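I'd like to ask you about the structure that follows.
Note that the chains are named A, B and C in the order they appear, and that numbering of residues resets to 1 at the start of each chain.
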Amino acid sequence: MDLVYALDLAGTLVFAISGAGTAASKRFDVFGALVIAFVTAVGGGTLRDVLIGSQPVGWMKDPNYLLVIGAGMLIYMIFRERILRLRRTLFLFDTVGIALFTVLGMEKTLDQGLSGGIALMMGMVSAVFGGVVRDTLCNVEPLIFRGEVYATACLAGGLCYLGLNSIPEAQTYALLGSVVLVFALRTLAVRFHWTLPIVHDRA
Amino acid sequence: MDLVYALDLAGTLVFAISGAGTAASKRFDVFGALVIAFVTAVGGGTLRDVLIGSQPVGWMKDPNYLLVIGAGMLIYMIFRERILRLRRTLFLFDTVGIALFTVLGMEKTLDQGLSGGIALMMGMVSAVFGGVVRDTLCNVEPLIFRGEVYATACLAGGLCYLGLNSIPEAQTYALLGSVVLVFALRTLAVRFHWTLPIVHDRA
Amino acid sequence: MDLVYALDLAGTLVFAISGAGTAASKRFDVFGALVIAFVTAVGGGTLRDVLIGSQPVGWMKDPNYLLVIGAGMLIYMIFRERILRLRRTLFLFDTVGIALFTVLGMEKTLDQGLSGGIALMMGMVSAVFGGVVRDTLCNVEPLIFRGEVYATACLAGGLCYLGLNSIPEAQTYALLGSVVLVFALRTLAVRFHWTLPIVHDRA
């Protein structure tokens, strides 16, 4: 359980760093960049909490999330140049992060007594919507809506979690199995340039 | 009551198809188009539920809405070319849809013990804000803020609903009367090119 | 207490006028401009209420806010040209407005039993996010993320409020002290062109 918490914070940190990077590409000031880092890191979970009616929202109850986001902002500003060289490490934590955000978001939704299908959607919202809010506030089209197999990996991981969880003997491995699946799918997708088909508006 | 439910689902379907069309004009991938179809169809009602504090939000309690949205997405992808020829039918359902969304949104707000004025606003939010969220996520200016008499028709329908509902003898006709009024106003507005005045920023 | 309420309404009025002005620069129609005036004036407080779980949101319980926003819209449309000459008066009320929105937002958050740090964030959200939603709906980059020392003044005012509030003898002056501080900081910042550093994305 402590490992899950640590990985959750690590995912939050990486999301915050990526948010700071997007804000920097827009030449926002320090306050603007901090806001973008913040919404990138906790925007998905916040939207989930508001939709399922679990308020005050999660990060209000644990100051560590705020501290980690502030740290992400500082890390970006200080190590800006080195971060580009750390892309592989960041990709690793980001992928573990979305996998965990998916599963933890599902667990929170199921705890509210909602169905598995809604939990699946809320898991994806937790993992993916921080980036959507980031892009909307930065006035660019959400990245997630084009190309990369990102939300699809979360969907597969979420389905795997529901499946393993429904088998009493496999429950212990549900979290691990889903995270590994999301990780494998996204890594393979990036490596082999898998993309989703585009929806056309004419023949 | 069953007719109202069926028309509500029909309105949801048409909103989802229109959302998929907007996403296609942006060349989003399948996942992105599904998200846009979803927020177009249920975004207004979701915002209303969050503002009045009725959570978990409505579509979490009835899987039919999700199924209808998925169907709308499929219909768009398969019948893309024919849909353009069905414009009149879609316009019809879309107009019945916004009329119903307005009235059902008002009923839900009144049930929460809120005033008629707030119910009127929340009825309009239910009908109109799905489109606003769709346009914001697609990074275009909300269509609704320019030109078409759309929200105004919902406002008139909502006022009519409040009025008829306050007369004991007329209550039975409140829903029907409001829907007919919204339908008539919007059809006339499109036919005779009625538009709202623009607000200028200089003389 | 009546003075606080009057100033709160005055701040709301000025925010609504500024929202109408932004909509006019986009040539929105009357309905669109009214929506923008509305979200500018109450968007920040609405987001705060939703995040802390205080629903129905604040303006649903007091029709005066809606009336003041309608009045702001009318004032903009009628006195458009003269308003430009009143810039100093508007700046004064706007600055008193954000100071008050900050402190009142903090009080509401503390009343919900949340911590001082969260109250500080929610105070800033109350003061600042109406403008962010306005800019997002108008499809422009949020002004607040670049340049002006605006949120920073709210932050300083909020810290001052927490500080004075923790000293029993100074509690009576907490509101006044914070408002004066926000006012002084923002006025000095505009006069001497203080800006926050920009975050760069390369060396």
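The rule we apply is simple: a residue touches a chain if its C-beta (ideal position, glycine included) is under 8 Å from a C-beta of that chain, and two chains touch if they have at least 3 such contacts.
Since this is a predicted model, take the numbers as computed values, not measurements.
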- Item | Self-contact between copies subunit B and subunit C, residue sets same or different by half | different
- Angle of rotation relating subunit A to subunit B [CA atoms, steps of 5 degrees]: 120
- Query: Taking each chain's centre as the mean position of its Cα atoms, how many Å separate subunit B from subunit C?
  - Reply: 30
- Message: At least two partner chains per residue is the criterion; list those residues in subunit B.
- Response: 50, 53, 136, 139
- Task: Over in the complex, which subunit C residues touch subunit A? Could you list them?
- Result: 50-53, 112, 114-115, 117-118, 121, 132, 136, 139-142, 144-147, 151-152, 195-203
- Query: Which subunit B residues qualify as touching subunit A in the complex?
  - Reply: 20-21, 23-33, 35-36, 46, 50, 53, 55-57, 60, 63, 66, 76-77, 80-81, 136-139
